[in-house]
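Chains here go by letter, A, B and C, matching the order in which they are written, and residues are numbered from 1 within each.
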Amino acid sequence: MGEDTFKGLLKIAKEDLDVLVDAFAKSSYVVLAPVAEGEATKFGVIGGMRIKIPHLTTRPVKELFFPQNETLFSFDCSGKADSTIKTPDAVTPDGVIPDAVMPDAVATDGISPRVIMGVRPCDARALVLLDYVFASNEYKDPYYTIRREQTVVITFACPRPGIACFCASTGGGPYDETGSDVMFMESDDSYLIKVISEKGRRLFQESLPLLKGGCSECPCVIFEADDTDIRAARDAKAASEQLLSANCSANVPIEAAVDTLGRSTGFSDPAWEEIYRKCLGCAVCTYLCPTCHCFDIGDEETNDYGERVRNWDSCMFPLFTLHASGHNPRPSRKERFRQRVMHKFNYFVEANDCIACVGCGRCVENCPVNLDIRQVLSVFAGGVFA
Amino acid sequence: MNKMTGNGTEKGTRHIIEEGIRNTATKMLESGEVDVFIGYEEGTLPLRTTPAFITCPEDATRLVWGPACENNLTVYLPKFQGAVGVVVKGCDVRTLTNLILENQISRDKVKIVGVPCSGIIDRDRIRKVLGTEGPIERSMERPVRSAQVTERSLILEGDGFEFEIQLEDVLAPSCETCAYPIPVVYDVLIGDESMARHAKDSEAGYVEVTRFAELERDARFSYFSREIERCIQCYACRQACPLCYCPECFTDRQSPKWISRWRGLSDKILFHLGRILHVAGRCVDCGACRRACPVGIDLRLLTKNMEKVVKESFEYESGLDIDCLPLLAAYKREDPDDFIL
Amino acid sequence: MVQKIARGLTKNPYVPKLARITDVTQETEANDVKTFRVEFCDESAWEDFHYKPGQFAEVSVFGVGEAPISITSAPTQKGYLEFSVKRLGQVTNALHYAAPGSQIGIRGPYGNTFPIDDMRGKNILFIGGGIGLAPLRSLITYVLSPEHRDGFRDVRIIYGARSSGDLVFKYELDAWGRRDDVELVVTIDHPEDGWDGRCGFVPAVLKEDAPESENTIAVTCGPPIMIKFVLQALTELGFSPDQIVTTLEMRMKCGIGMCGRCNIGSKYVCRDGPVFTFRQLLEMPREY
């Protein structure tokens, strides 16, 4: 990231954030932001609630593009008539397929554009990695693609990276702009706003005229940032990067690990024999990962009506690769754990020339047995697994 | 540096236990009594330890003990090859007893290293003590960057704050009312019984579920549904449970397919109720499922109630006796049958 | 105001084309393998369904699910597709209950093809075991078709099954056997009353017959254990890893390289396979 990070910035007081959100909503964008669900947090439609930005949501933003459960199409399976296949022609902002797929419901006319506020740079970067999977090959996933096209991602740079964060080691960083349409940066009592993409520019062009500020006439909550603001933001960025690099467990030797795993001996490295041992075989790491994208396709059927659905799946489950014949190419947790690590740090690299990890630290924080991917990578980088 | 364990300078209880575990592990590995010794070592985050599989005596110094030793290590024992030593708390040994009764590991293959337990901490409770309103605010305000344990308290440090919490105030709910902090079965007991937390009467643990049971049916169901609804079906609860060792869980059966991964609440309820019925008379409320849940579902509502039902119906507490039949494998004429329609 | 986007999800790769089963053939005595002939309900579906031997399709039984099944017919056979299906999982079980006239879904074709261009002008040695003949049959039919036969030299087929009752495509075995431009060897594991053909495991028969490796491509498919020994035998016979072609099976869902389960190393069997040379297999992790 060069010096132009801080050029041409806008500025809004933190307390005016909700005024801006109102303007987005008025120009027909659906606004999503972090919401609480029990003790966990995730992204959801905020309605009239005040925007609050947690350090990192428990559940990553990926589910707004690639939901855990999704109807691909519905069909009649009565056997009486010819099967009729209906595809969902609309997707609601929170990723739920609306009534459009139900046979009797009226189809809505499309998907509303939406804004997601409060995405962290790691999650935004992950979207670009998911694009490689869902939107860059011969086949494109229409469900993912349409949501991506219709979404403006507003990232909030991280002023205080957390204890499990290691984004800088993965090529990102607390102020990384990859995957963001707009970036908000804290500067004392304000946010500085950097409009990055064409989608972001359009959002602001459409919304700014609708702003209502302190007075009823003019949009006087958004200003151009001055030198003092920019200095404060620059200091905040430096402090954030310093905080991250001062945490030695955030400095993960990923390049060296990728190199080891990429050699012909990587797959059969003796370290695999030990490294997986405490793994419980649950799907916490994969389900909470912003880049994991494996899924299952199946039919859900009641009486004569059926839906072809897809659900998240996890390489950590034994059923994931179990053949109908009973043969399983990845029979134990060792092979399954290896698959997860190899997919992120070798197979994905071979296919797309970048690792499939953004260093958000969710798998580190949520693993029930503290099996830490940073340590695993350190082992392959030549360190000791201790 | 995060020290979640015995402090080097004072010879406190925790330090004595830690030394005891290391010495025992060294001895067992040197004598060849065990091939692997499973204990805890320092984790990579504040307030965390992590399971350690020690095979060389010289590595025994990695082993630690403290109120962050949360995992129930007996989860690794079913089908374990070779002789194994394992560190167990009062609750953990009760799941191990069940594993032995259910022929998942033979008694002579496992060396039980019991620890008099003074309770482990609950990270969710710590976050609640630190934070204010809800989970979002908690995450916004106070990330803990390091933690230290003293005999009775935790000292937490974050950006611009230092905070001391009494351990007693942040113990895991199952520890607060623990009736068996001293392992009921062991080959070696580290330290002595006086080092354990004072045992509570088992009834003390049922206060909350009793109160819940007194709520209106609708209120109970809506609370329960709200909790279960956010289940992401990662099955961490099942995988963390030492007693969920079936080679193929009913959840994973494809034909017939009992449970769908589709978004239905009823499938999620079926999974959780099915699981809890499968551990009826076996579950010891060690809390492993509750801790493993990444979205904080109140799973103890189920486990504790099941424990209570079993105790009231059969005067049976799971995992206390290594020479009895498992509850569901035994029949007594006086067993109540009023639940059979 | 932002325009709401109204658009149909055209080119949706997950939506199958409707097709109808027109004929069902019981292949094995145990009736665990059936061959289904299917035709698209809408003729225009053929416009973007151009396949070559080696490819597979995702076959839907609505209400049950989808399974990847290799196309056992050849593109030289116009107007229909054929799938030979062993009854193993949910979808294949449901297919076995389907009668002619039943409606199913087909999407594809997916995967790579047998390296037909590399095979031209060469001898072709087919080695199949059990239901493993199904993907080979597509290529055999193609090679033996009047319009393509001249492009290839000697064709030899070694096919085996556990018992005579387990042999599939018996009607075609007869036809192939009658041709003078095909050398066909059919073997069963153990002798049987009334069986006057060869006996013995496929790899053993292969070694006995010792076909010439020069200017020959060997194509093999069958149970994993058979493939393992066939690869050894071929190597002993002087076949280089580039001269040996096989086709792999993996659990698959999407068929288009997204769902993430059928990979062997960085290769997705659904997209980079299912056809691999032995040379490629040697370079891949042993995880299949």
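The criterion applied here is as follows: a residue touches a chain if its C-beta (ideal position, glycine included) is under 8 Å from a C-beta of that chain, and two chains touch if they have at least 3 such contacts.
These numbers come from a predicted model, not from an experiment.
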Going by C-alpha centres, which chain is most central here? A
By mean C-alpha coordinates, which chain is most distant from chain C? B
Taking each chain's centre as its mean C-alpha position, how far apart are chain B and chain C in Å? 51
Taking the mean of the CA coordinates per chain, how far is chain A from chain C in Å? 39
Averaging only over C-alpha atoms, locate the centres of chain A and chain B and give their separation in whole Å. 32
Provide the list of chain A residues touching at least two other chains, using ranges where the numbers run on. 296, 298, 313
Show the residues in chain B shared as contacts by 2 or more other chains, in ascending order. 254
Which residues belonging to chain C are in contact with no fewer than two other chains? 89
Residue ranges of chain A touching chain B (in the complex, touch as defined): 34-41, 52-59, 68-69, 160, 162-164, 247, 249, 274, 277-278, 280-284, 286-288, 296, 298, 300, 309, 311-314, 317-319, 364-366, 368-372, 374-375, 386
Quick check: in the complex, which residue numbers of chain A touch chain C? 27-29, 72-73, 75-77, 79, 82-83, 85, 87-89, 109-113, 133-134, 137-143, 146, 149-150, 202, 206, 267-268, 293-299, 301, 306, 308, 310, 313, 315, 320-325, 327, 329-330, 335, 339, 342-343, 346-348, 350-351
Can you tell me which positions in chain B touch chain C when the two form their complex? 254-255, 257
Of chain C, residues touching chain A in the complex: 1-2, 4-16, 18, 41, 60, 62-67, 88-89, 92, 102-103, 105, 224, 249-251, 253-254, 256-261, 263-266, 285, 287-288
Which part of chain C faces chain B closely enough to touch in the complex? 89-90, 93
